[in-house]
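Each of the two complexes below includes chain A, the first together with chain B, the second together with chain C.
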Partner chain A sequence: MRKTFNIGLIAFAILTYLTLIGLPTRLAGATQPVLAVLLALFVYAVLRGPARETGMGLGQLLQHGLLIGLVAGLLLVVEVGFFNSLLGDGVKIQPVFDQIVPLNMAAMLNVRAGTVLNGEVSPIAYAILALYLALAGVAGGLLVHFTRSGAAGSMRGVHIPGTRWFTILLPFALFAFIYYLGLDGVTTFGNDKNIIRLLLVLMATGSGLFALRAAHAGLEQLIIGALLAVVLLCLPFVLNQFQNSVMNIVFIFVMMGLGLNIVVGYAGLLDLGYVAFFAIGAYVYAFVSAPFSSPYISALLTGMGISPQSPLLGYWSAIPLAMLTAAIGGVLLGIPVLRLRGDYLAIVTLGFGEIIRLFMLNLGDLTNGPRGLLQIAQPTLFGVAPAALTTHLDAQGWIFLLAILGSAVVAFVAIRLNDSRLGRAWVAMREDEDVAQATGIHLVQTKLLAFAIGATFAGLAGQLYAARQVNIFPENFSLFVSIDALALIIVGGMGSIPGVVLGALALKGLPEVLRGVDEYRIVTFAVLLIVMMIVRPEGILPSARRRRELHSEDAELPVDEDEQLEGGHA
Partner chain B sequence: MEKQALSKLFIRLFGVVVIALVVWRVVTVGIAEGYPTSFWISQGINGLVLGGVYALVALGYTLVYGILFMINFAHGEVMMIGGITGFFALQFAAAQGWMEGSTAVVVAALLFILIMGMLGSVVTGVTLERLAYRPLRRAPRLVPLISAIGASLFLQYSVLLIFGVSPHSYRKPDLISGGIRTGDVFIPYTGLIIFFASVFLMLGLYLIIQRTKLGRAMRAVAEDKDTAALMGVNVDAVIVATFVLGSALAGAAGVMLGFHNTVVKFNSGFIPGLKAFTAAVLGGIGNIPGAMFGSLILGMIEALGPSALGIPTEYKDIIAFSVLVLILIFRPSGIFGEILSEKKA
Partner chain C sequence: MLTLENIHTYYDRIHALKGISLTVEQGEIVTLIGSNGAGKTTTLNTISGILTPKEGTVYLEGERIDHLPAHTVTHRGVVQSPEGRKIFARLTVQENLEMGAFNRNDTDGIASDYERVLSLFPRLRERLKQAGGTLSGGEQQMLAMGRAMMARPRILLLDEPSMGLAPILVEQIFQIILEINSQGTTILLVEQNAQAALQVAHRGYVMETGTIRLSGEAKTLLEDPQVVEAYLGF
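And then the complex of A and B:
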């Protein structure tokens, strides 16, 4: 009972947090139901484990759920009442808690803001809130009961014939629906169509990965893969500018994630300054293609009798240059850190990323400083802008198409590398450097190759990013890009290529769908990151090897789940 | 083997060249600029103050790393929360009229603010350990790091959402708003307080670790968790105590930095945290005197480096990170780094 009471306290803390960040203000009339659903899910999540282990009966489950709900609900009511009495007395709480305003409290109690200000909220409103939350706790308990004794328990292990084909056909159905939504005159979803269509695109692409997994290896997988590729390549022509611009950033991050995956996932070198190579790729392309390039380069060109107004190199001819420069950057970073291990490596690479950014910011003559490099040339198709060829492909769609192609090339190289001698050397090095060296792996060469190849991919991604942005500034290349890239390979599943795609969809795509609740984007993402690490550290789509590694450890420590439940004892 | 010797020789040679270049640059540019001595002294004092703050934060990184072998990426945010809590304590004290009282009252009020800030950080640090790190104690090393990155983002943006965008400005009481002026050298009181308070707190920490039972337990856990547990050490309690100590120091740093810089924001812990971590690595992470020494070196380099080398102050971060990279090339586990880190890393 004490434990359950503590869980109730945690639930109360979570609800308080949601109030403090002003969620009720945004939700308005929907506050009470949303909070109730959240509480019910929370109760479900905490009670599920112990229910399975101790075989709690329905009565016990309901009791626990009710207790959690009551504790959380009553405490919340006391808290809201306290804030309301302050607000009613005309005390300004805002200098301390920015979001505690009458509107927020009113949404919580489902009354009008005026009643809070005048201090005339009826006790019934409070009672309803408490009742709502108590019932939510009970609902959570019920949910545990039904998912346990009902369908899920008995169906585990039973094969349902349709599911595999459902998984395989789902992405195609979704793509068809997306196409339908884009037709002229279709008004489904009204004003939200843009966002919902984007969400569907993300879901379709993600389910495509699962379809590939569900397909039997061999011809079936090949056919489905080819069909998915065709559909994916059609997407840029179907989507509108906004959806394309989100999807191309997703795929640019896929390219980057695949590169970082080589450094961190395969070779086990924790690199927190990966953005440096992304920046190098972007800036190199900007140097050779932006007419308003750096003062230094402009002067240099004028001195050589070349007009600085026309791009020096086109997109395609700049690719080798960007890749080569990034690779050189990778080797230059690699040499000094060859002897470093683990966390030392992390901080030095982080420092390297910052150094590159600071150079871009401060070398005004070369990089134009914080004013950035403007009007970077767009990639063309044999000298023709694709927008001139077809009306179905806008500028962002064209970048999206290039990003898909780039990702495909990079993914192919990554797969082949993983299966190569070099890939095995990387894995050996990751597991144990000393043993790897003893078996004849040349550590220096292997490490430098990992850095260089990873950097090359990032350079390629950076170049495309520069073309997408048209104007680039040093702020585009902050530490957060590195963190995003690292987070996406970890969420997706380290060392796994489909995982990278899924991670990019989830981390770069989904937040765009949630634009409406923009303020809560980063907080939600941060919580997800922590929860993910606790619940499923191997990522959503892990590579087989990695999953085994992480779960053999779990098997030795069966107490793990108990520990999580005890939250609140500290 | 021959190759190894060759690469060692190469690294030595490289080191000599770098040092020669730096000396040449200092002689030709830094000295030729002809700054007055008082300028160097003021800059040196700034460096010591900065180093003191870094040291308080760096100790938190080093303590946690020494025991758990994880980078507590959110430690800078723990410090920031100390600063924010201190700000509200200051508001409260000012509302009670304590800041205009007699010297004794103001000193007592400042101590109250400091302690509140430390408390705020301790609560944050311990909660963090309980929720985000403890479930991951047996996981591979990258996993807690990612969790810590998540925690760092969460704390930053929660503070932004809960307390609003506007920066919180500390108002110094008259007692500490001035400074000492001798000749051309000006030393603000806050700088003096920061330096001496950090030395005092570091000494306290050193005594706790070397002379108390808790300290002995901490050292035992750092050496080997499982064996320490067999000897009757409560490992969980020791780890919590480590977080308490580290967070308390960070909270003190947050409050003092608030008074010194007068502004606390949701992201004002990030860069100092990064620097403090750099300092901890510089000294050899996991090593307590190393963290103190590394922080003072880093503070001095940041304050003196740009003028000595005759380059703009915007490059001070570049200098700091370059020094880190250079030192790690020659001593891969920091200045005071132990061979131990080779084994565990």
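And then the complex of A and C:
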């Protein structure tokens, strides 16, 4: 009980943090539901482990959840009440906590800002907030109960029929709700509808991964996978421009993450300059589709009697070129670093990424330097812009659709590679280069292939990114792109394909939902990453092998759920 | 079967092997004994292609194999079980064994060798799904040898199989070496445990600071006063 109380204190600290960074101001009317969902997820995360180990019953789970919710809720009410009394007295808190303003507090209590300013908040508003959070705690406990027999029945103890189906049906229910929210005339959540809907899309896509995992391998998994794919492919038509633009960047990063996953996750080569290949893909497509924006190329073409005004290659015919150029880049990076391992490799690749960016910045004639390459052509469908075919698909949605398809192709290739001889060789090389060599693995070839294939995927993603951005500049390809790609693999689970998707959703999608508190997101992610590395170093959805590496005490467990998952994908 | 002629191998400027010549005949167990730093492992690494000799030649059944990269040497049936039980610690026992057959395509042959290895090392069968790194020292050594056997070597290079093992396990390992040999695999065995090695081997070479000091029948070496004094420690 004391431990549960302490967890409640931690929950309160997190809620306080979110308040101090002004999240309620941003979420306005949706504050209470969002905070409740966050708290429920938190309760779920902390109770899941203990429930699994001790076989806690439903009653106990609810009790613990309620206690956490009550502690967090009541303390939050006291805190908000304290701030409100200060604000009501006209005390300026802003110099200390710049986000503690009436608007923020009002959003928290779901009342109007004027009420706070006049100090007229009724006790009922406070009671509702506390009730919301207490219920959220209970919901978190319920969630633990409902999911524990869900995931492939791997949890010890209670097996409740039907709960597996809860996990499987959840994404579909969410997608249906998203569709409903998008209908004209539905005004639920008011002004915040767009943000909430985006959050729901992220959650639905993520829960789709868990649904796939909960499905039995074989026909059931195939059917559910196919249904999920259909729903996902419908999304670009249903979402608005803003939501599509967030989701397409998420899936561009899925493509990139899958590529980096090959280099880092499979082959164990820590590459911090991965953005270089992304940049190469983007610039190659920019050169061929908008030759006029590069002074050198347009002069060259004019000299040859070709007009630089029209694209040299269309989007689809440029794909092989972008991929090939990126692959060559991968090999060029690979050759000098063949003998390097670990830290040294990381430093050299880091340098390589920067070199490519500096090239883009300083080869003014070719790349137009910091002024960038402009008016890059949009992908077409057999020569027709999709906007001309349907009014339901905007430009960003079209890119989103292509990103989903690209991710699917890349994921398929990655899965097949993982199961291939080459995949085996990568794993062996990651484990021990000397022994790998002794078992007859050609190290040079294996390493270069990892770099080249990883780079190819990044090139593909870069090309789509260039089309998405229309105008690209060297600063689009900073070190942070590499860091993001690496972080999403680590969060999701190194070496795991569902993990990459989940990581991209969390790291590229969530920050967009929290746009209003943007300046805190780096700090938030730093904390998140540190906590992750301590609590769950193998990532959220790790590959079976990775889990074994980091939790050797579980090593005797025979086949684990993820192995089934990956087998099912293949 | 395997012949080394006047091999000189360097680590940068350090002259590690100073003209090693030795032969291993088909079906033999030949042991290479000597103290720390004598160049035993360097000799094995030179044969398996991890190191390239600066001078001299290595012949496998009349064909030169020095200057071939390590993975192609494995293709030709020269398989090394590295020193210090170097297994893939995070792969399962089964995956480790499968990695041994990396260069083979004959599914049936692999399956039969897999069974053979598991019958040679029954302990491994009990631990197939366990990560290699969680095995005991003796089991890891068995795994390293089993993995090498999965490549169906014509000549097996064993580097210090008894290192760091309890005496009872050492005895077991040497029993298995004899068994592998009796099934037709030629073995070049590097050992510090000279006594045990000479007892199972047909012939032996005694190395000292990069040169071959003595060679001969294992039985003769066991009784050679110089060997007894320097390596057997009576």
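The criterion applied here is as follows: the second predicted complex is superposed on the first by the 394 of 570 C-alpha atoms of A that agree within 3 Å, B and C clash if a C-alpha of one lies under 4 Å from a C-alpha of the other, contacts with A are read in each partner's own complex, and residues count from 1 in each chain.
Just so we're on the same page, contacts are C-beta pairs under 8 Å (C-beta built on N, C-alpha and C of every residue); 3 or more make two chains touch, one makes a residue touch a chain.
From a predicted model like this one, the values you see are computed outputs, not experimental measurements.
Trainee: Kindly classify A:421 by the partners it touches after superposition: chain B alone (first), chain C alone (second), both, or neither?
Mentor: Once the two structures are laid over each other on A, A:421 reaches chain C alone.
Trainee: State whether A:432 touches chain B only (first), chain C only (second), both chains, or neither.
Mentor: So A:432 only meets chain C here.
Trainee: Which touches a greater number of chain A residues, chain B or chain C?
Mentor: B
Trainee: Taking the superposition as given, does A:441 touch the first partner, chain B, the second, chain C, both, or neither?
Mentor: second
Trainee: By the touch definition at the top of the document, which applies to A:20: first (chain B), second (chain C), both, or neither?
Mentor: first
Trainee: If you stack the two complexes on chain A, which partner ends up touching A:41: first (chain B), second (chain C), both, or neither?
Mentor: In the superposition, A:41 contacts neither chain B nor chain C.
Trainee: Give one of first, second, both or neither to describe whether A:339 is in contact with chain B, with chain C, with both, or with none.
Mentor: So A:339 only meets chain B here.
Trainee: From the superposed pair, tell me which chain A residues show up as contacts to chain B and also as contacts to chain C.
Mentor: 549.
Trainee: Given the complex with chain C, which residues does chain A contribute to the contact?
Mentor: So the residues of chain A touching chain C come out as 421, 424-425, 427-428, 431-432, 434-443, 545, 548-549, 552, 555-556, 558-559.
Trainee: Under the definition above, what is the set of chain A residues touching chain B in their complex?
Mentor: 17, 20-22, 94-99, 264, 270, 336-337, 339-344, 346-348, 350-352, 354-355, 358-359, 361-362, 444, 483, 486-487, 490, 494, 519-520, 522-523, 525-530, 533-534, 537, 549-550, 553, 557, 560, 563-564, 567, 570
Trainee: Any idea which chain B residues touch chain A in the complex?
Mentor: Counting only chain B, the residues touching chain A are 7, 65, 69, 71, 88, 91, 126-127, 129-132, 134-136, 138-147, 149-154, 156-158, 161-165, 240, 274, 277-278, 281, 285, 312, 314-315, 317-318, 321-322, 324-325, 328-329, 332-334, 341-342, 345.
Trainee: For the complex, which residues does chain C have touching chain A?
Mentor: Interface residues on the chain C side: 48, 50, 69-71, 74-75, 79-82, 86-92, 98-100, 102-103, 129-131, 133-134, 147-148, 151.
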